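Letters A, B, C, D and E name the chains as they come in the text, with residue numbers starting at 1 for each one.
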Amino acid sequence: MEWAWLIPVFSFAVVPLIILFGKYLPGKGSPLAILAIIGGFVLFWVILFGFLNATPDTENCHIAEKTGALTCSYQRTWFDAGFPGTDNDVDKRVRLTWGIIIDPLAIAMLGLATFVALMVQIYSLSYMKGDARFDWYYAFHALFIAAMLTLVLADNFLLLYVAWELVGLCSYLLIGFWFERPTAREAAKKAFIVTRIGDVGLLIGILLLWREVGSFSMADAFVAAQSGAMSQGVATAAALLLFLGAMGKSAQFPFHVWLPDAMEGPTPVSALIHAATMVAAGVYLVARAFPLFAASGDALLVVAIIGLVTALGAATIALVSTDLKRILAYSTISHLGLMMLSLGAFGYTAALFHLLAHGFSKALLFLGAGSVMHATDELDIRKMGGLRKVMPLTAILFSIGALSLGGIPILAGFWSKDEILIAVNDHLHPAFIVLTLLTVLLSALYMARAMFVVFYGRFANAQEHAHESPPLMTITMALLGVLALFFGFMAFNWPGSYEGIGTFLFYDHPEGFHFVWWLGILSTVLAVAAFGYAYLAYVKRNDGLAGLKGRFAGLLRVVENKYYIDEAYQWSVDRVALTFSGFVAWLDRAVVNDVAVNGPANLVRRLGEVLKLHVTGHVYSYALAMALGLIGLAIFWWIQSV
Amino acid sequence: MSGLTDNLYLLTPEFALAGLAFLVFAVDLLLPEERKHLLGWLAVLGLLGLVVLSLLLLPGKEATLYGGLLAIDGYALFFKVLFLGIGVFIILSSIDYVKLHLTHPGEFYGLLLFSILGMNLMAQSRELLTAYISLELLSFSLYVMVAYALGNPKSNEGSLKYIIIGAFSSAILLYGISMVYSSLGVTRFEGISAALSSITDLRPALWVGLALIIVGLGFKLAAAPFHMWAPDVYEGAPLPVTAYLAIASKAAAFALLLRLLAEAFVPVGDRWDQWQIIVAALAALTMLLGNLVALAQRNLKRLMAYSSIGHVGYILAGAAALSPDSLLGANGIIFYLVGYSVTSIMVFAALIAFFNATGQEEIADLAGLADRQPLLAMAVAIGLFSLGGLPIFVGFTMKFYLFTAVANAGFLWLAGLAIFTSLISLYYYLQVIRQMYIQPALAAPLPGEEDNPDNEHSSAEHTHTPSHHLPHDDYEPLPRPPAALLAVVVLGLIATVALGVYPAPLLELVEAASAAILPGG
Amino acid sequence: MSNFDQSALLLIILAPLAGALLSVFLPRGRPNDAWYFAIFVSAITLILSLLLFARYDFSAGGYQFARTYEWLDAPLNIDLSLAMDGIAAPLVLLNGIVLFGAVLISQTIKHRTRDFFVLLLALGSGVFGVFVVQDLFFLFFFYELAVLPMYLLIGVWGSSTDFGSFVRTKEYGAMKLMLFLVAGSVLIWIGILALYVAAGQAGSPTFSLVTLGELSQSGHFGPDFQNWVFPLFMIGFGVLAGLWPFHTWSPDGHVAAPTGVSMLHAGVLMKLGAFGIIRVGMALLPEGAAAWMPVLIVLGTVNVIYGAISAMSQRDLKYIIGYSSVSHMGYVLMGIATLHPVGLTGAVLQMFSHGIMTALMFAMVGAIYERSHVRDITVLNGLMKRMGTTSFFFAIAGLASLGLPGLSGFVAEFMVFTGAFRTYLPLAVLAVIGAALTAVYILRLLARTFFGEADPQWEHLTDASPVEKTVGAAFVLILLFVGVWPAPLTRVINVSVESALGLF
Amino acid sequence: MSWFLFAILAVFTLGGGLGVVITRNVVHAALFLLVSLVAVAGVYLILFAEFLALVQVLIYGGAIIIVLLFAIMLTRTAEYPHISDNRQWPLAAVAAAGVGVVLGAAFWIKGVSQSAPHSPAFSELANSLFTRWAIPFEVASLVLLVALIGAIIIARAGEDNR
Amino acid sequence: MVPLVYFQLLSVALFIIGLYGVMARRSAVLIVMSIELMLNAVNINLIAAASHREGTGSFINFDGQIIAIFIITVAAAEVGLAMAIIMRMYRNRATVNVDEIDLMKW
């Protein structure tokens, strides 16, 4: 297991190789990247089994306090700052370390990341074929996956922050991959800056914890938080600050604005970064720091509320959006909101389970959308229809993903969502469960809408030239599809062999698999009803929908405009920020420089111009001056002498 | 009366100098007009000989001649060599100028030699009348030399103003002497100090008399408010004479003042402590006025005049820092005088060469000099940087030394003011350097640039153009300056840097000199 | 002690100076000769600085390579005593690197080339001097020597720019820079004299930092004295460090200065100020420092925020970088003002990292300006297409300056924050926010200038020359190296930080 | 008796002086100057400085006045008969008065208590002039020489400079 | 017997008259005359001091008279040179009025 650090290092290693020699390598270096990630994926299994066999008395392993999970961690010193010495002392020095932690959470994320990354990279081989910057694409990919793996393995906040920023960078680079497009350029900038705002919170939180604990180790921080060595207020503040970072990364309201725009990037990138892995990092962070959140109840409540608002709001927008990828993006936001909600409801296991399930399904959906794009160069669903005739495989796989996220039973999404509902129901105010169910309904509805409009119904003539995608793409999709289908069964308790995910991924105490019938049935009914209605509305084209739209026209406009949040941002940036900075710049030039600096200088020069007039050029006035000076000097001397 | 004229041989250099002057006059009669420049070389050789003679004859000699009228000591020797040296370089840099622009070369060099004699005696005299007469010898020569550009009304006007104010101030000086004499009965420096410290009921006449003497010397130093003649005279005088005024006559006046203060006032102790502030006040006024007004100058000579007034202010600050038990102040002053002389000679030599080639003397005329004659530009630039007090040049070291002395004597405020005013001075020095290096050659100064040298539109015509894309080839280069001037400039450069980087050897000599007049230190 | 250790410091000061003096005798009008010679000289200094840094024994710490040369004895007592400690070591290295880079980049100087390199080398020698002398006189001497050439370097080889609403001529930039810096040195000079006088009253008049340090520790400098003298140094050196509100010389100077000079100016010269505060202010006047640090850290924070906000709405590349330098020097000042070991270490590291980063930026901007004669980011666009390498290097530098982990900027800023969080929590929070602002203007710059479709008018632009590529690549590698493995620097800095803060 | 003489001489001295600075006619001014100088010589006499009185009359009354008159004739301008004062004369009067007050006060306060005036023997004077004061004497001769040369060069007509 | 002070006051009076003349007159020639008055004031002062033996008997010397001799000499030379310059001025500028002689100022 101590070799886990190799997983990211593989990918890090290939980055410079591809950048420097990519042009000369076969496949522009893409094989290198894929090899690296394959290595990572293999190593993941090694570590998984190593971990399953590990016991608290294996070296470097122990049962972590509070989380109660078996944890193994390995560390190397990075560098010391401050006075020479070894021990951390908040007033003398701080030792920074490369440290990895291996626990169920980390392993789960490893699995998700490596697998999806592998799929996506293979998929990209044919999707990105012939792109001018093919090599750069794979370099960025490798860099991203390396950073992502570091992020999940990090055992101290600083390393986590480092990786956190790097994934942000890669997302920036990949969103702006086609930087010639102004839209892509702006989207990338927006993504970076918006997430950066969250990161400020994260950094402040980390430094705040350091201030309290004296080291950046997560474990120390959690112990301090739980043992009360850290005051309740500080714990809450720190937790909320960390959550700020999580909100940025996981596109939680009000920082969700960047994610839809991020769809400007290549679709595989959207699948990997903006669906499966990076955006989940926020959820991962909250889960990772759960002891801290748990130590302050208020923080968790905030998490839940934000999560719910996000989930609901995003779902509604997804319902009316007309861009296939954006629909998926909003659904991602919505599901991330659900995960946050579940965490806020102590649904630790549920959240992570849903994270995985959603990861596979959403990756599948994006790749499907990608193959649609590949086939039609079109993203506006209004111009699509009946594609299943031309690309049946894609249609089936996409449908699987949609049904899974729509919460149709036995598919992965259903089970994970069910867990969340239970958690919400158990731990939170009744209002929450109602709204959550509404969200469930909506998510089913928009999934169904996307699915039916694109693949079923009348064939849109716009796409004669459309065709099924090449095997590399379909195969990878198929693999993901399998997971989307059956991953849900991981939740069950298979007596003898496997006790269910709840005994592996848990907080505080292992949880068996449980199922609340009325909730299950209710959610199923909602989902099925949603799909049914969608079928009628979009395939059979009965015009109940039009009437509905007419009735809620005003509301519709608000929703279609994404609640004007982007406009609000735009306004605040243009009107407030830029105006203010313009003012400061003017101040600096006109006041600080021209008045405060040039002023005195010119004053002195003018003084010279005036003073020089005393030399009149008339000899008698020189004599007069001497006489006056004489009087002054004589009197002065006299005074000084007596 | 025996004893008075013992070891009169110690005055050999002075007599020889007078002899040299007469020799020049004599040879002048023999030489044809076109060979007269040889007189200059004759004078140079003679002066160099005198330097050697003095260095062979005088070191280590301590004596006072004529019952305390003249001193033979390290101090006198140091300044003697300094003045002779200055004379050498001034003559070297004026030979061509004289040939080009002046008549009566023989008399010119002769008068110059007489004035050097006067300066030597000023540094040696320990008695008021002797000092006065020597000073008049210097002044008279200068009156004539200032007027030497006979056809030039400016030169004429300068000398008229100079002689009127000069006579006026010498009348004041003499009145001071008479008051001192009438209240103490002595005019010898140590006599004065002895009387000051011994006699109990001193008369106000004495204080006022001393004040009048300071006024008289203040005129010679061009210390504010007795400085107004300086700009006019400097501007009117022929360039070499301007240089001579700015360097030699100032150095001589300070040599006299320093000896007077050190031998007559400083030993008096507590009274001197009270008088220091007076000198400090003069210094402050002088450095402020000189540097501020210099900001507004367009004419090179006038600029140098005001800047020299500023430097006088610094040196006076050093004079205020004299103290019976420390040589720091005296060292600072002497070191500063040497450094100032070296730097200024270099600058003036370069300006003379420029004037010989172009006949121009406005700051704006220097435009593009860096391309037209790089060596001259470099000399002027380095000289001005040095005067502005920047390393690695002597200007920095000497200012640091002097201001340290001032601060150490308890006048930190004065040192601060001095440092601040040298910041101001840097501004106008940089304006000259800007003309030479930045302004393209032959570019007539733009309208409005005069009153605001770094204003916006001064280079609006080449916005967005890196300077090295500017056409810098449209200049006509200046002829290479003749050997004599070249020698002065190069030697000046070497000395400016050498003294700035390693002044220790010089400072040992300076220590010896100041120890001679401040035995207590 | 090997012979090298004996004389290395003197060598590293004299080498550029000697080079400058020798260059004077090179034939005029043969630009390349001057350039080659300057490369030769600066290469020597680079090697020397590398050797010095490598041979500095960080386990022993303290001042090393000490050597004293008699200069003036009583009554002034000035010696040229040289020594290098762990705070100076990285900066010496920095100067070696940046000087070399600046000389290489200055290949494009074709007019009065010889004079240019003479001045450039003189400047470099002055900077080396300040870092390694142990005597106030010489510290001031070299300080002024480093300032002096700037006027001509900017005035002669600089460029004037018309910003429509206002014009910045090179004369203006040069003059302002010169007067500002010398005005700062006025205060420093007064402070030095005050110290000398105080030492004299304590019985041993001297300018030696060592002796003065002993005097100050034996309590010869009273609190009142320290409280009025320290601000002289704080502001005097602060001017050079771009301390708000005495910063305006810096952006204007950059706008006017030629590339190589901008590199040295922002890369090294501004560091002299911060270094002076540590070396003179903190070491000799600890009580005064302790009393004034709250002021300094407030000003430093203002630097950070103010610089970033002003940079946001600038249109000229050099103005943006100039203001970002103001902002980044703010971190240095903050780090110093924390008086916290980690913070101070961060400050020194930030000096190094910012030196490299900003030098790289100016180098690349110079490359662009050379080709397009435009620095207006609203006019330039799509350069990534035309000048890929240049844009890439610039982007790396930009990312470093917005504190991206893995690049040196992050490590340094982060350490500064750490120290500040311990000592001045609210200001530290502000500073972190300021770091986010950096991202705004850097990304805006990248998006406007390098991304997007290129106008046809930029078709003709060629990518960086081999020389520029070399410099850029080298600097990028340094940024990466320090960002990934700062230990070689920090372990050197740490020891001297300990002795520097030992007084507090 | 000596009081009477002193008063007379003082009146002539100052009167002459005032005449010089007040009259509007330059030639008159020169004559007033002569009066004043001769009166000063008289003052020397009542101070028993006969030699000085002699020198005074010879050099001043003789040489200097003549030189002045020559100069006046050679530089005759139309306004010599009615030359006016410059604009700042009131200021000048004030300043002069100020100087007078200072100097007068300086002498008046703690004035010297003195005994009868006496005079050195003429021989002593000469002796010390040529022994003790030899150097100033020689320098003075040089001064005269310089003035002579200068006067010749400057005043010589014709050849102006190129 | 006239006390020394009265001679000194006399010299002061003459001195300031000369002083006034220098500051108030326009013609260079008159200014030179005024300077001569000042010098005579000096001489009176010196000679008076020289020829009064002081009660406290601190000095008997006639240096005063010697100084006076020198002053007279120098004064003569001064006048000569000044007149030469004035004539040159007259030849160049056709005036000797100092308020018209201000080519150079400021």
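As a convention for this text, a residue touches a chain if its C-beta (ideal position, glycine included) is under 8 Å from a C-beta of that chain, and two chains touch if they have at least 3 such contacts.
Here the structure is a predicted model, which means the values were calculated and not measured.
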Could you tell me which two chains share the largest number of C-beta contact pairs? D-E
Based on Cα centres, what is the most central chain? C
Chain separated most widely from subunit A, comparing mean CA positions: D
List the centre-to-centre spacing of subunit D and subunit E in whole Å, with centres computed as mean CA coordinates. 5
Distance between subunit A and subunit C based on Cα centroids, please, to the nearest Å. 37
Averaged-CA centre spacing for the pair subunit D and subunit A, given as whole angstrom: 103
Note: subunit C sits from subunit B at a C-alpha centroid distance in Å of 40
Touching at least two other chains at once: which residues of subunit E meet that condition? 4, 8, 15, 18-19, 22-26, 31-32, 48, 50, 54, 66, 70, 74, 77-78, 81, 85-86, 88, 98-99, 101-106
Residue list for subunit C, restricted to those that touch at least two other chains: 166, 176, 179
Residues within subunit D bordering two or more other chains: 86, 88, 91-92, 95-96, 99, 102-103, 106-107, 111-112, 128, 133, 136, 140, 143, 146-147, 150, 154
Complete list of chain pairs which touch one another: A-B, A-C, A-D, A-E, B-C, B-D, B-E, D-E
Per the touch rule, the subunit A residues reaching subunit E in their complex are 612-613, 615-620, 623-624, 627
Subunit E-facing residues of subunit D, complex: 2-3, 6, 10, 13-14, 17-18, 20-21, 26, 29-30, 33, 36-37, 40, 43-44, 46-49, 51-52, 55-56, 59-60, 63-64, 67-68, 70-72, 74-75, 77, 79-80, 83-89, 91-93, 95-97, 99-100, 103-104, 107-108, 111-120, 124-125, 128-129, 133, 136-137, 140, 143-144, 146-148, 150-152, 154-155, 157
Parts of subunit E lying in touch with subunit B, wherever the complex brings them together: 4, 8, 11, 15, 18, 22, 28, 31-32, 35, 38-39, 41-42, 45-46, 48-50, 54, 58-59, 61, 63-64, 66-67, 70-71, 74, 77-78, 81-82, 85-86, 88-89, 92-93, 98, 101-106
Provide the residue numbers of subunit D that touch subunit A in the complex, in ascending order. 86, 88, 91-92, 95-96, 98-99, 102-103, 106
Per the touch rule above, subunit D residues touching subunit B in the complex are 102-103, 105-107, 109-112, 127-128, 131-136, 139-140, 142-143, 145-147, 149-150, 153-154, 159-162
